[in-house]
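Order as written gives the chain letters A, B, C and D; numbering starts at 1 within each chain.
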């Protein structure tokens, strides 16, 4: 395989908790991202999945240095992003872009679509009005909108259309790497598919590399080449999507996969879900050792004391769990993985008997 | 095609200004406020053409004449005369010049100060923010009217001083509001996305933060201008505003107070002028708040 | 809760200290406090005498330290005009002002809260229009003018109430109404908008879905949440009334602090002005602290702050 | 089985500054005792509004229940929920019909302890004394799985996590042993592992207590896991209904088909997700056509001029193992009275397509103008519905041949042949 395009090493993002009356002092830290490492290869999609508060969005922002990482190293296409000074960082920004979750707030309500999409170009030095207009028109058509939409304002569009505008803006500088921060979670199901298909076809056409952040495991499976499962600021499991989905080994990944309802009633009603007990601990006071041990049925003494490291259990499949290779508990975990996958696979033989004509264009014309 | 455009916007007007006007015409109270406000402003600007007499012209033969519709009144002096026989209507029209000047420049000064300091505090945060806000909060801790009276007594009576007093004492309020808004906008998605495309500080301030400050600033400015007109009259009433010879609503009120038992109109009309001006600006301000506050409008739609 | 209270008390003390310093420099704004305090036609010798008498000729830091150390002991200097300690004068005048302010506050709350609630819970009705109208008028009528008009109508024409002086409950009515009118408008507006907001809150919908009666929903769910808004602005309004009392007490010859400020300003008695300013600010800060405590008592989210 | 709720032709409108919003447009359905009815739809489909208007929880004005009836067959009497007095509907709310809302973070009063908020419902509807009500509230907290319930009784909502708050909401909703529980997307705001906990809880509770449930969701997976029957809503109307297994395997309405195809699968292959192009409909005009027509790849002329009634579709299996008798009927079930006589769970879809498929093939019929020029080619071939396959020889072969296609579904449907 080629060299990784994006390399994240020991990334930490801690937000200080301050308290004080007149002068504030730091009394603790929210460990939103705590020692996370992974790579993304050129042209592929890494799906970063986890529940709310697990630090997945923060990871995306730290990689792009929208937050200043507390520690760690991020390298994109050979450039160490974390080492760039302000000026160099601004010059580098065109190569890494972001599509935001909330398309309503991420577009300035006072600006026309033309201004929004051309702003990156203007910042990077294009002044020729005609060139700008042509580029905006081209981008709008690329994302399935019409060129004359450029005179309108964000509030005149629906959620899915606004998300397309956000994508057009991200694309305007021909970036190679895009962080998609839950770009579809605020959209209706039928619109989600439009946006995901658009992202996929753009990736094919333009050779983009994606970090796709989501909480929807099925969507991550659908779009990703590799998957990283995050829990409480740490990576639980990481690897090629088919490896993870055919053999989820981290107990957290297992419970996540088991909890996703499958839209096939016969299967879903017979499923025996793994129910996690309790709630996610606060990231301000993460448990010692393995952060998942408070909710893990396999937790042993070691898990309470020692932080598990990523281990390669098979090629391209890493798990951070002490118990996976434990001689007694390990087989139980593997067996449970098999059971979960079997249940899910039972659904693959069935499906709706009708087919809906897939729209062939990326847009919605 | 049109079916794909969000149906929530009924106006179909594209520009921001067009939408704003559309909303103004739909709100009768706001439009009425605008009319009242324009009425006062125009009469102040064109005072020499509108006023029937000179505001300083004395006529001791017809002193303290009641309004025209009262017994002993005369349409020569529609609102009557004061104890020196000066025409009340003309003095009120000229008096609006003082009020509006104080209101306008007072707001201009305090808003400029507030914008600069508030933007610095909100954008830089940290220690600078702490110092600026500590000072602003000190000023805000002293009851406002008391502060104004004390400062006015110290500085002495002149139009410039009055403007300065309001401009300076009101600045902390603008600082606080600006800072809060800048803080909010700085955390907003569109500023974050501007950072992500490589926008520098100047661009973010100039293209994203300041334009989005206009709405709240204009709204607050309207209310504060109305407040300053109020308080200027109050200072005049205590004899602390513009020099006694200048026709101003506050001076007229202070003057009329001495004759309150026998010639109540001397105090009533300048006060009514204040009420009308203030009403217009408050209606306008309410309307502006409804239209310019994106948070409110989003929930309404 | 204790940590919250503690931090608020510390903040308040810091604020009062800051106000002391601020007022100290305000009086020296023109550069020569002695000239400021001397009568307009005073001879240069007289000004020089005042300068020495009050120690204005000493280095400013020495003056400040002395002023602060005196203030810490409750000594705000001796009034030039009354020839009595400023703090003593303030304390004698305080009851009258408190009486007036509380009466005004009571008037404002008693009229405004029911009106705001009725308006907010029946939007679009006559009641609502009335509430909005009162709210608007409260904001647009200057209290000094209102005071004069009240005197003309109710004291001069009708003769129902005395036009000046502090002489029994009847004499309190007109000043209290005049002073309370602006807060009244504010309270109506705030109550109305708070009711409007709270009644469409999700938890009120939940309360309806439980089948609770409208009366209980209003009493237990809506009012309690509306009261948070009200409590938090009473402190602000108190500060306003201390300022507003300058006019009202002067007009009605009410023997309180407000009238004393006016007199002190007219007499150029800046030692007294300085004392009153600090005292009023301290008073407002304390009221603010009390409302914050009340706020915390109503709202468990603050009480149980982690 | 007897019905517990019978909703007929419900229509709800909102007066807004922009005009009348037709939020719900003639919705009829029936809930049987002990069953769980799932309602699926996207935002703006009218699912929440129709359920809230059953308990008259929509704000009036601007909302208005325009027409319809909602017969509630309670143990003692039958009442029309929509015409009850305020006092009597107040008696039913929280007592006979419980309601759970979507956002647990804002649905509890932040200033009152959860104990009081559970108790006030009990005290309103029962004669339990103060201590008994408290006892009952603690029992309920235990029942919904809140650990150390007695201590948590005195806690405030902000001291609970989202999942725990939703448990409290459930405790409130079932506090008086209701006959019906309406759950309005109660797990949408929650994480998937917490959602699994809540789903398991509700499944257990409703079985134990024998409550009939209406469960609203936009998540087809959730509906698949809970519901016995499903209503699919779009643009304020029911576009398809049926037994859950049948509806998921043999969807008839293009919208349902599209929705199922738009979902990524945890198990499936590499197929592209189905694009339902366009955006949800504006509800400002009262529809005189099929609401899905502008987005439908199978739409033809008639879809623009007429609103399709609900036709029987699919195999016509009768719920609970009844006879397969309904399949020969091509009744449109226009009147509610007629509906009452029909087998309970006939699968129905409000779509002309299966009936008028021959018309679609008519070359003289111009393609719907909204769909552009390339649509004609598309309409000619790709995506021909399976019911058409093999029955009409003039049909071009479908572009997607799905090997998983269960053969039992083709040809079963006889209504179309009779046309």
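Details
Heads up, the rule we're going with is that contacts are C-beta pairs under 8 Å (C-beta built on N, C-alpha and C of every residue); 3 or more make two chains touch, one makes a residue touch a chain.
Because the structure is predicted, anything quoted here is derived from the model rather than measured.
Of all chain pairs in this entry, the one linked by the most C-beta contacts is A-D.
Using mean Cα coordinates as chain centres, the one most removed from subunit B is D.
Computed centre separation for the pair subunit B/subunit D is 54 angstrom, with centres defined by C-alpha atoms. Taking the mean of the C-alpha atoms as each chain's centre, subunit A and subunit D sit 31 Å apart.
Distance between subunit A and subunit B, defined via averaged C-alpha coordinates, is recorded as 50 Å. Between subunit B and subunit C the centroid-to-centroid distance comes to 22 Å (mean Cα coordinates, whole Å).
Chain contacts: subunit D has residues 278-279 touching two or more partner chains.
Touching of two or more other chains is recorded for residues 158, 161, 364 of subunit A.
Those residues of subunit C in touch with two or more other chains do not exist in this structure. The part of subunit B that touches subunit A in the complex is made up of residues 1, 4-6, 8-9, 14, 16, 188-190, 192-200, 203, 207-208, 211-212, 294.
By the touch criterion given at the top, residues 64, 66, 89-91, 93-94, 97-98, 100, 102, 104-110, 119-120, 123-124, 146, 151-153, 155-158, 161, 166, 169, 173, 364 of subunit A touch subunit B in their complex.
Within the complex formed with subunit C, the residues of subunit D that make contact are 55, 57, 59, 61, 90-95, 98-99, 101, 103, 106-112, 117, 120-121, 124-125, 156, 158-159, 169, 172-173. Residues 124, 200-213, 216, 220-221, 224-225, 228, 298-301, 304 of subunit C touch subunit D in their complex. Those residues of subunit C that touch subunit B in the complex are listed here as 15, 18-19, 22-23, 26-27, 29-30, 36, 136, 139-142, 144-146, 148-149, 151-152, 156, 239-240, 242-244, 246-247, 250-251, 261-262, 265-266, 268, 270, 273, 276-277, 280-281, 284-285.
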